[in-house]
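Structure in structure tokens, see below.
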Amino acid sequence: MNKIDRIWPSDAVGKVPYWVYSDPEVYAAELERIWYGPHWLYCALEAEIPEVGDFKTTTLGERPVVVVRSAPDEVSVLENRCAHRGVKFCQARKGHVKDLLCPYHQWNYSLRGDLQGVAFRRGVRGQGGMPADFDPKTISLRKLRVEVANGVVWATFSDETPPFRAYLGERFWQHYTRVYDGRKLAILGYNRQHIPGNWKLMQENIKDPYHASLLHVFFVTFGLFRADQKSATEIDPTGRHGILISRAGRQEINDVTSGMRTFRSDITLSDPRIMDVVREFPGEDTVGMITVFPSVVLQQNQNSLSIRHIVPTGPDGFDFHWTHWCYADDTPEMRLRRTRQANLFGPAGFVSADDSEIIEMGQQGFAHSPDEAGIVLMGGREIESVDHMVTEVGIRGMYRYWREAMGL
Amino acid sequence: MIDRDALRDFYDDYYITLDDVRLDDWPAFFTEDCIYRVIPRENYEAGYTLSTIYAESRGMLVDRVMGVTRTQMYAPRYYRRFPGPLRIVSRDGDSVRTRHNLLVVQTLIDRKSEIVLSAVCHDVLVPDDGRNRLRERIVVFDSEMIPNSLIYPA
Amino acid sequence: MIDRDALRDFYDDYYITLDDVRLDDWPAFFTEDCIYRVIPRENYEAGYTLSTIYAESRGMLVDRVMGVTRTQMYAPRYYRRFPGPLRIVSRDGDSVRTRHNLLVVQTLIDRKSEIVLSAVCHDVLVPDDGRNRLRERIVVFDSEMIPNSLIYPA
Amino acid sequence: MNKIDRIWPSDAVGKVPYWVYSDPEVYAAELERIWYGPHWLYCALEAEIPEVGDFKTTTLGERPVVVVRSAPDEVSVLENRCAHRGVKFCQARKGHVKDLLCPYHQWNYSLRGDLQGVAFRRGVRGQGGMPADFDPKTISLRKLRVEVANGVVWATFSDETPPFRAYLGERFWQHYTRVYDGRKLAILGYNRQHIPGNWKLMQENIKDPYHASLLHVFFVTFGLFRADQKSATEIDPTGRHGILISRAGRQEINDVTSGMRTFRSDITLSDPRIMDVVREFPGEDTVGMITVFPSVVLQQNQNSLSIRHIVPTGPDGFDFHWTHWCYADDTPEMRLRRTRQANLFGPAGFVSADDSEIIEMGQQGFAHSPDEAGIVLMGGREIESVDHMVTEVGIRGMYRYWREAMGL
Amino acid sequence: MIDRDALRDFYDDYYITLDDVRLDDWPAFFTEDCIYRVIPRENYEAGYTLSTIYAESRGMLVDRVMGVTRTQMYAPRYYRRFPGPLRIVSRDGDSVRTRHNLLVVQTLIDRKSEIVLSAVCHDVLVPDDGRNRLRERIVVFDSEMIPNSLIYPA
Amino acid sequence: MNKIDRIWPSDAVGKVPYWVYSDPEVYAAELERIWYGPHWLYCALEAEIPEVGDFKTTTLGERPVVVVRSAPDEVSVLENRCAHRGVKFCQARKGHVKDLLCPYHQWNYSLRGDLQGVAFRRGVRGQGGMPADFDPKTISLRKLRVEVANGVVWATFSDETPPFRAYLGERFWQHYTRVYDGRKLAILGYNRQHIPGNWKLMQENIKDPYHASLLHVFFVTFGLFRADQKSATEIDPTGRHGILISRAGRQEINDVTSGMRTFRSDITLSDPRIMDVVREFPGEDTVGMITVFPSVVLQQNQNSLSIRHIVPTGPDGFDFHWTHWCYADDTPEMRLRRTRQANLFGPAGFVSADDSEIIEMGQQGFAHSPDEAGIVLMGGREIESVDHMVTEVGIRGMYRYWREAMGL
């Protein structure tokens, strides 16, 4: 890989240079050091592959993989690249198989990725075949390390990655298990969109509570997420993970909202069922948005639960896959409630469309000024958790970690 | 009974209203208790309920318009809708079930026009105080990867 | 005589059958001795017979379906067909010659929707034991560079 | 920026190597040294933003900017990139505002680009906010130097750029003011097209009268611009600017036209109103096509007036924005005449479509032969103004200057 | 009065004539004193008169054809037109005002097919010595950035 | 050109690293050293340009050329790039001309590419014109070396390329002349598709008989090409060219087919006319698929004859142009037979679509793992012709030659 000759600004904590979003060399290094490095990447929900032989295909970083239930209590994550001549042999999004078969020459793999059949290995009628020193036992699909944590499948390309719970850290393990509490999950459905902006902008967006009170008129007006509400912005010790916590308020004019351009006291809902929220988690908090670096956002917003998967496609864009889910034992009413609240999220979401648009507008703004830098001073230069949302600490934390991981 | 001419006129009005971005007039094309969804084919065929846009009443459509016009932030764009031939699927009393394909082409500033949705619409129309309205409209779109946001309805 | 309503219903059925990938029902839209070709405009205008898909009988269409469903290997995809207005070109006895444009939009997994064929269809329909069928269908496509494979029929 | 290891041909004046049109390193250097260097770039017509608060967005080189009337007699040109985190905050083509507001966190700027509002700067209820050393007065949108010359707004990223009149030079200031004479202008409308060829090919095209008599059957046949007519090809002392001057003739067979393949004596117009030209400028000249390096073509062709704005999008393409205008006090007849004559120009122009097509065909021809070179010897090797159009001097002049500016 | 069938036949003829590049037959679809413009939506909505193609008479359409066939230089290409449903907007005496969307797909040599125009057409038809003709046709296109040149009429 | 720092795997013959398919530097070197180097490239069939003045345009590597009959017994292949300023002057696929004229300034070339006319060379009315030292005789379109071999036109950019027959080698000249036997050919028609995979994958595909028995259910089931049939896999002494020879069998269950997942004993053809094959070439062989490195596949499969032309468009894709042909004196029945059998081939081919899909799936699989390698050990490590199809020798041979040619 070419050497990266970029200099970080002198205000190391308060500024983020724009070349991090557009430099192809930096992006190539991110794939190696972050995506294929010591980090856990989101793969799937167990609910998507309940039976042995059920599989799902997805992409980690830029590499296609197959996520398959290889035993009742085992999930295997294998590179979707045949060991023979590299074909992405599995093309379906989902399915059920007995074994993994590459169509080109029918090399055949067990659900664990071990090569178990090589067509014509012994030749045909004494002709051809593989040489004596060819040993199928030494060949397999590339297998990733896998952990299944309360219904969610995680994988990593690296041997150095700590166990998933340690990767999150105790505090974030608590946040994680608040929603992923071991109950069986079920799929509500998917949304998929391509966002033409650097992948880190999505991580920033969900680590940035500062914008929520200002960009999202819907949130602000109906008090779903607003600066005057009890809230917290936490990061893990490394700074790479974050969570935004908040407690819903009302559509009220007060000392804070009165000063907000985005607060609309005159807007009302003709059918307020979208705001029909029920409390289902311990505590008063109504929003818990977790960013697990680098690949995913875990959304709990009112009763809407989703996993938002980031698949980078270059320095200037990423595919964004939304998996909305519910608990397997949800009542029909609860499923309907979650489906209804999903109107706030996704490519047409009352709130999320603001974010996907702003990310594109960000890339448009700085793509041609790589040597300028953004300012992340809200809440000062501290890098530690705080009990409010008037801060950019989550972003400062992520870049402190990013520089370590990237050696920049 | 809603005859072919009435259907033709209904859809002409419907799509012209949207192409001209007269969003405030849009909810009136639906009954008070309508179902409206814009849903990925993937979800529809798997029986998943999750929709990209989902409404259970005309009120929710009014709220959707409120969102697009009052609360949401997005880059300016044009949508233009190209409906395919209309199929009358079945009739049940005075209601009629129809189906047609829909191509939605979007144009953003300084960009070439591009396909934003390639879809099929499954509709149910009924006479409803003096005019015809959609009691149900399910827009099932093939498009696997939406070019960023879906702002206007289909 | 095959009137306009019959033609409309015929093509509605035809395209819905293909859009819904009910391929086994497709050959029945053709007569036993039909001619079917999907041919590049370049060949068509030069008088070259080579076609991208060529069939001389309903049996060959059945074999084409067999190929797509039983023998061929390809990535999953959606096709959606957008036929243009139908022109009645001429009538000869009880057969009718028609013409219409056809836009075929394809969507592959994780990709945006794209045009796979921009074409014009020259058809001949006849009544054939109890229903209308295509005795001839020539799909002449402009598309100079097919995005890899053409899997489903037009 | 990587060093460019390209060698100019030995016939330094008579040849132009094709790598100037396709090498990404060369293109990157052009952005820095030419587009963001000491050159005036076209922004807008004052007529587009008459009132204080009126704005227009455009792109200079590859950078988005906002052009806004910040005072009755002042136009500001500001990078469309929020000082906070870089968002291209202004997305509309045109509009009217009281201030410039970024939607992401509502940082607020005056029409001059000064930061005048930072949401939650003091925090919310004592929490968060910006640190003590954060001084909004030190922060603003990037402001470009601006000059308004007889109704046209120009801007530059560089402090070294000489005043606009000096940038043109006296002689070209005269040419410029022949049409931009201080009268109020009005907008007739726009055309926009993407031309898949290097941006310099458009500058060359309008500096090249040699082609006009040969490529453009319409010009030749109807005598609008033809080699047998009185004409001149002028360049400024630096060689970067040029003008083609010509005097219309008739559809006549003479010693010159008789030898022209493109002269069609048999073609006539069914409705000749498109040729209904009136004389409106001092002197006999009917055509004055000015190229102001690097960003724009100023068209006066018969009664059709337009500004053609070049926005490069990479080595192999540019967006081309046409602004057709008239004088504010034009009669309805004159506006109609200009609108009618516009049929010669733009993406569907009887004449201009030839040029946009030929530019694409040029890029197709040499893109894969970077080490070959084109020949620009028509009219010899001289680089000085001449009183005819059988020359490529304008191109020779541009590349002499380009090599200086690029240090190549 | 120009009824729906007459309109259908008129537009079938009109678009087939253009798709088949029988340009010499095109001006006859217009009255002698017609207005024809292809104009960016941006100009149209701002009230700007500037058009990408502008003609004030059938003669100017004849001259446009002369340009395309005799004087202009351009790479070979195919255009194919996909008109949307036709709306009858109003009638005034024997003239009829119509509106429909129009998608124009172009294909250049060795390239994939692409959208060149996404537009809406505002037309006025009148009976004119023995046939129906366009007295006015305004093609308002969304497309913000034309892929290089616009060669053939819409 | 930048230096390529890639290391070939230690198992030099048995492995092919994936960077050969995706590295832009490698691709750039391939254009220079292979496509524009000492290799014969397919241009056209003589049948496409029977009369003097008939021309066809095509692309060799990435460079556009004109193939024109410049004399009754002479074909010229000229770069489609004007010597003046590089315009791709000829835009039509086919046509007939008296001379070659560039539209931009009407420089005019003979059918052999010699510059024979320069507009305004002597100026106009004593003004302008070319300088004294301008000598048209020294200027021409770039002319390629051309050979016409039994109706097929070949060209090369290099002077070192041996004569075509020597380039093929005696053995392959015999294979070549088995079908291209000197009889007059005629065109049946074209198919054109863009395949999003590296160009070498197509060469590999046709040098790889191993896959045919496994991927192609149609071939296998109907016995057109199957491992239990008499066959041969030959390469030329350099390893760059290859041929797959086979003798059709029947839809029979035997020791081999019984073990084939892809053999479908239950499938039958409703209209078997597609299998109505007649013997027309000497010997028993029913299939002869020749790969002439690097640009083309010569197909003789049953009675279907085509030339498949590879036009690379970058490391990750190529345009694939199919020219189906017949003998000029074929009966109408034979032409129909060939047209009918063409259903097996092309973008919608019962067999070929499998290949174009598998190539895309290959690129998808390894594009993001350049440092991994594919295995080509079927048939051992030998690199010599064999009389069966259970081998990857053709691929091993090609890469042995490729490394020589590339100096890697």
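The first chain written gets the first letter, and so on, giving A, B, C, D, E and F; residue counts start at 1 in each chain.
The definition used in the following text is that contacts are C-beta pairs under 8 Å (C-beta built on N, C-alpha and C of every residue); 3 or more make two chains touch, one makes a residue touch a chain.
Owing to the predicted nature of the structure, the values given are computational and were not obtained by experimental measurement.
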Problem - Partner chains shared by subunit A and subunit F (touch criterion as defined above) - result: C, D
Handout entry: Steps in the shortest chain-to-chain touch route ending at subunit B and beginning at subunit A
Key = 1
Problem - Same-residue or different-residue interface between subunit D and subunit F, half as cut-off - result: different
Practice task
Could you see whether E-F or C-E has the larger number of C-beta contact pairs?
Solution key: C-E
Exercise for the section: State the chain with the largest centre-to-centre distance from subunit C, centres being mean CA positions. Expected result: D
Exercise for the section: Tell me the angle, as a multiple of 5 degrees, of the rotation that maps subunit B onto subunit E over the C-alpha atoms. Expected result: 120
Practice task
For subunit B and subunit C, let me know how many angstrom lie between their CA-based centres, rounded off.
Solution key: 28
Handout entry: subunit A-subunit C separation of Cα centroids, rounded to whole Å
Key = 43
Problem - subunit B and subunit F: spacing of chain centres that average the CA atoms, whole Å - result: 48
Completion exercise
Among all residues of subunit B, those touching at least two other chains are 73, 75, 82, 103, 109-110, 112, 114-115, 144-145, 147
Fill in the blank from the handout: Residue numbers in subunit F touching two or more further chains are 91, 93, 103, 192, 194, 215, 319, 354, 358, 361
Fill in the blank from the handout: A full list of chain pairs that touch reads A-B, A-C, A-D, A-F, B-C, B-D, B-E, C-E, C-F, D-E, D-F, E-F
Fill in the blank from the handout: Within the complex, subunit E is touched by subunit D residues 93, 187-196, 215-218, 221, 264, 267, 269-271, 273-274, 319, 324, 335-336, 339-340, 342-343, 346-348, 350, 353-354, 356-358, 360-361
Exercise for the section: Flag every residue of subunit D that touches subunit B in the complex, lowest number first. Expected result: 59, 91-93, 103, 192, 194, 319
Exercise for the section: Within their complex, state which residues of subunit C touch subunit B. Expected result: 8, 11-12, 15-16, 19, 78, 80-83, 103, 105, 107-115
Practice task
Spell out the part of subunit C that touches subunit E in their complex, as residue ranges.
Solution key: 41, 82, 84-85, 87, 99, 101, 103, 114-115, 117-120, 142-145, 147
Problem - Touching residues (chain side subunit E, partner subunit F) in the complex - result: 73, 75-76, 109-110, 112
